[in-house]
């Protein structure tokens, strides 16, 4: 018996070794090096020189740091709920037994497959102030659309709109979760006289709350790092830095201004934010999330 | 007083209407993309907006393929496409190979520290790429790998947290009696993995492969940092060249090119739809 | 059982095949006995061809060195990445404004000794151009193609608006008055033609301050973007939006076609007057040959700043870590000879950076206004980018202020104060770090 145990343990180590090596080389080492660099003045062409907390102090006084942080957080606060709500609503619509559900499901899902670069380029075209198509469409229902890309007040909403267009894969996950909701619960609430709204809020949502939590956390991690779309659609966060996102400023500092120590400090701050937000979400989840079977 | 039946039917109709309207909304940008791709350039810039092209310029697609730099060859788009395909092949094969092996270890082998290591793996999902960007760049610089594809595909051969998580969850659902029996018969772990667990996991592995392909096809920041010679660019970098540096863009060619970049992913999805949706359900992503 | 024993080796071979292919795609070419000098240049189309001609002549003139020229977009960022990545080209054609940043970052080598040994002398060059390559007393870049700017205006539109096409504006006030006459709206109030837009083509938005006498920095350690002269310039910039409507102009501009195409705004007569460089003639000749246009010195904002012109320069540098520095310099020597520079600059239809101009150069030059552009290089009011290593960030900030001002979301003073507030600490930190490394 012990021999099988030892053999199994060895096999375990060997099978897990790719991950172990990868973890050390591509995760642990960069994390530690990045803390070190954040306390240095460093560009790959010049060796690192220790400057202590100087980078962090400079960040505190850097208007762009605060601006990009604000932009990213505002975007996250709007985009996450909007995206989740859209995904859940779509999933609930699909969960009814209507004809052609498979087709609709496909239509809603396909936009989420579009590569980020194509997405940015496509929407640049749709939202174009002069030749775009969104405003003429809005005009047919009597709404005068704003200058989506050129007006600083509307540039972030443009990004939120695009995000809502791409909720396809979150929607599928919610759909799978919804299909797991025990029908007895729903029938029981109907017998109690609950209407659609009450059924949703008191039965359905709590039942899929683990899924919501999972998507929330993944959403936080993803939204705070958003890079490709703002980088392509809004060079330099134009207009007026309204869409200058944290990850893009970080990239600019590292590779365009060659302030790699500074960029490393920004990276660590981002990581700490994600940690804090994730822990907060998990804490809050203890009160609100119901796991089936517990 | 409306009967319950009437309320139910009314709701059903509402839902249908909503689905149709929403479908139109979701599909419209694609339609607009294709319409623009087929127009001559001046029709893309008309005010008021011109909905349909006066003639269907299918040649825009071939023009889009030929558009670009002499240094990249006559058909830059095809060059970028080839690069993307080669890179994706390496990344997807690496992802599937490494993650299934590692997930097997986490799911079905007992060894000291296993659960701690798995916890650490999950925790690494929270680490954003930007914090690793600079040291990783410096690391590849020292290996002289900048300008090659290696920084993009080598890490894929060493496991990634999300895929490990997915596969591990799935592997745990395979009954242990199956593997116990084989072990008592003296089969090695590798044998068990290859002959019992893997064949049963086709759906989950397919999902991981799909996600990995989409990620690789899509990747922008990686190629942006590590690829410097235009001939080696992937499609995501190549798409940028339709926007002139000096201002002004050939929107019709750009839309044609974008359509061609999106198409493979959509086609792939159509063929693997069932598998994909099944995969999301069974890997227990929802719980 | 047999099948699965088969699939893994097959897959392995497939993967190895792909791996091999990927290595091939990024491998260097095989050797052929010559030293290959990698040369990255920013130009495309005919400008690229002009340099390619010089490269071909150089390659033909000897058989030890082969220069391989490549057109690279986004060259100022890509080259820095390549140098950091350890795979720099041997020669790179940068923009003048990049030089200080590259020098401070140790990204390009000093050329003083090479020039002394190679016979390249400062006295041969127009001072405004030579100086662009000098940072903290050392030479880091040699001039390739220089440019100056002037007012380009559409004579047909002038006639249509009742203005004398032989009398272009000489002062900014005149420019404003004429622009007013030339701007047109349609029945719905959309702007359909502009007389002048400070943001078109938008390559020198940073220069308007200096046009009005403002300085961008004090040459030592102070950013001076919010000085009264700069504010005055930005008030002038905002005046256009005030007159015609910020979003009307913004919408109009967003529909402009590509610069290098028949849909260019100036060539489509959508914009009647424009600040442009010596190359503009080529593009008009190519895409709008029937356009009735002329060039003239740009109007002065102040009488003591006549003939303001932006001094633009493309330069050639040798990156740090280049594998073939000596051979690269041999190529530079060839280009910098009078013959080489004139070949290049004639091919690009620009002026040359040398003081001496050979006899046929002006006569054979296709640009009818070439003498004007040469004279501009000796003007009293030459404007070039400040020699700041943080120039790209500073430029981005000024652009942002320019946007705020044209969109009328900030007053000029506010916008410039903001830039001042952001850039001064950045400059302070930058100089501190240089000091820390003993380089200041």
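Note that the chains are named A, B and C in the order they appear, and that numbering of residues resets to 1 at the start of each chain.
We adopt the following convention: a contact is a pair of C-beta atoms (placed from the backbone, for glycine too) under 8 Å apart; a residue touches a chain by one contact, two chains touch by 3 or more.
This structure is a prediction, so every number in the text was calculated from the model and none was measured.
Peer 1: Which chains end up grouped together through touches if chain C is skipped?
Peer 2: one piece
Peer 1: Looking only at C-beta pairs that count as contacts, which pair of chains has more of them, A-C or A-B?
Peer 2: A-B
Peer 1: Please report how many Å separate the Cα centroid of chain A from that of chain C, as a whole number.
Peer 2: Centre-to-centre distance between chain A and chain C: 38 Å.
Peer 1: Could you state the distance in Å from the CA-based centre of chain A to that of chain B?
Peer 2: That gives a centre separation of 16 Å.
Peer 1: Which residues belonging to chain B are in contact with no fewer than two other chains?
Peer 2: In chain B, the residues touching two or more other chains are 45, 47, 137, 141, 225.
Peer 1: At least two partner chains per residue is the criterion; list those residues in chain A.
Peer 2: Counting only residues that touch two or more other chains, chain A contributes 44, 130-131, 255.
Peer 1: Give the residues of chain C that touch two or more other chains, as numbers and ranges in rising order.
Peer 2: 81, 84-85, 255
Peer 1: Residue numbers of chain A touching chain C in their complex, please.
Peer 2: Touch residues, chain A against chain C: 41, 43-46, 49, 51, 54, 58, 61-64, 128-131, 147, 149-152, 236-241, 252, 255-258.
Peer 1: Give every residue of chain C touching chain A within the complex, in rising order.
Peer 2: Against chain A, the touching part of chain C is residues 77, 80-81, 83-85, 101, 105-107, 247, 250-252, 254-255, 320, 390, 392-393, 396, 399-400, 403-404, 407, 409, 418, 421-422, 425-426, 429, 433, 436-437.
Peer 1: Would you mind writing out the residues of chain B in touch with chain A in their complex?
Peer 2: So the residues of chain B in touch with chain A come to 11-12, 15-16, 18-19, 22-23, 26-30, 32-33, 36, 44-49, 98, 101-102, 104-106, 109-112, 114, 117, 120-121, 124-139, 141, 155, 157-159, 164, 183, 188-190, 193, 214, 217-218, 220-221, 225, 235-236, 239-240, 242-243, 251, 254-255, 258, 261-262, 265-266, 269-270, 273, 277, 280-281, 285-287.
Peer 1: Taking the complex as given, what residues does chain A use to touch chain B?
Peer 2: Where chain A meets chain B, its residues are 4-5, 7-13, 15-16, 18-23, 25-27, 29-31, 33-34, 37, 42, 44, 90, 93-94, 96, 98-100, 104, 106-111, 113-118, 121-123, 125-126, 130-131, 133, 136-137, 165, 172-174, 176-177, 179-180, 196, 208, 210-211, 214, 221, 224-225, 227-228, 231-232, 247, 250-251, 254-255, 260, 263-264, 266-268, 270-271, 274-275, 278, 291-292.
Peer 1: Touching chain B in the complex: which residues of chain C?
Peer 2: Per the stated touch rule, the residues are 1, 4, 8, 11, 14-15, 18-19, 21-23, 25-26, 44, 70-74, 78, 81-82, 84-87, 190, 201-202, 255-261, 263-264.
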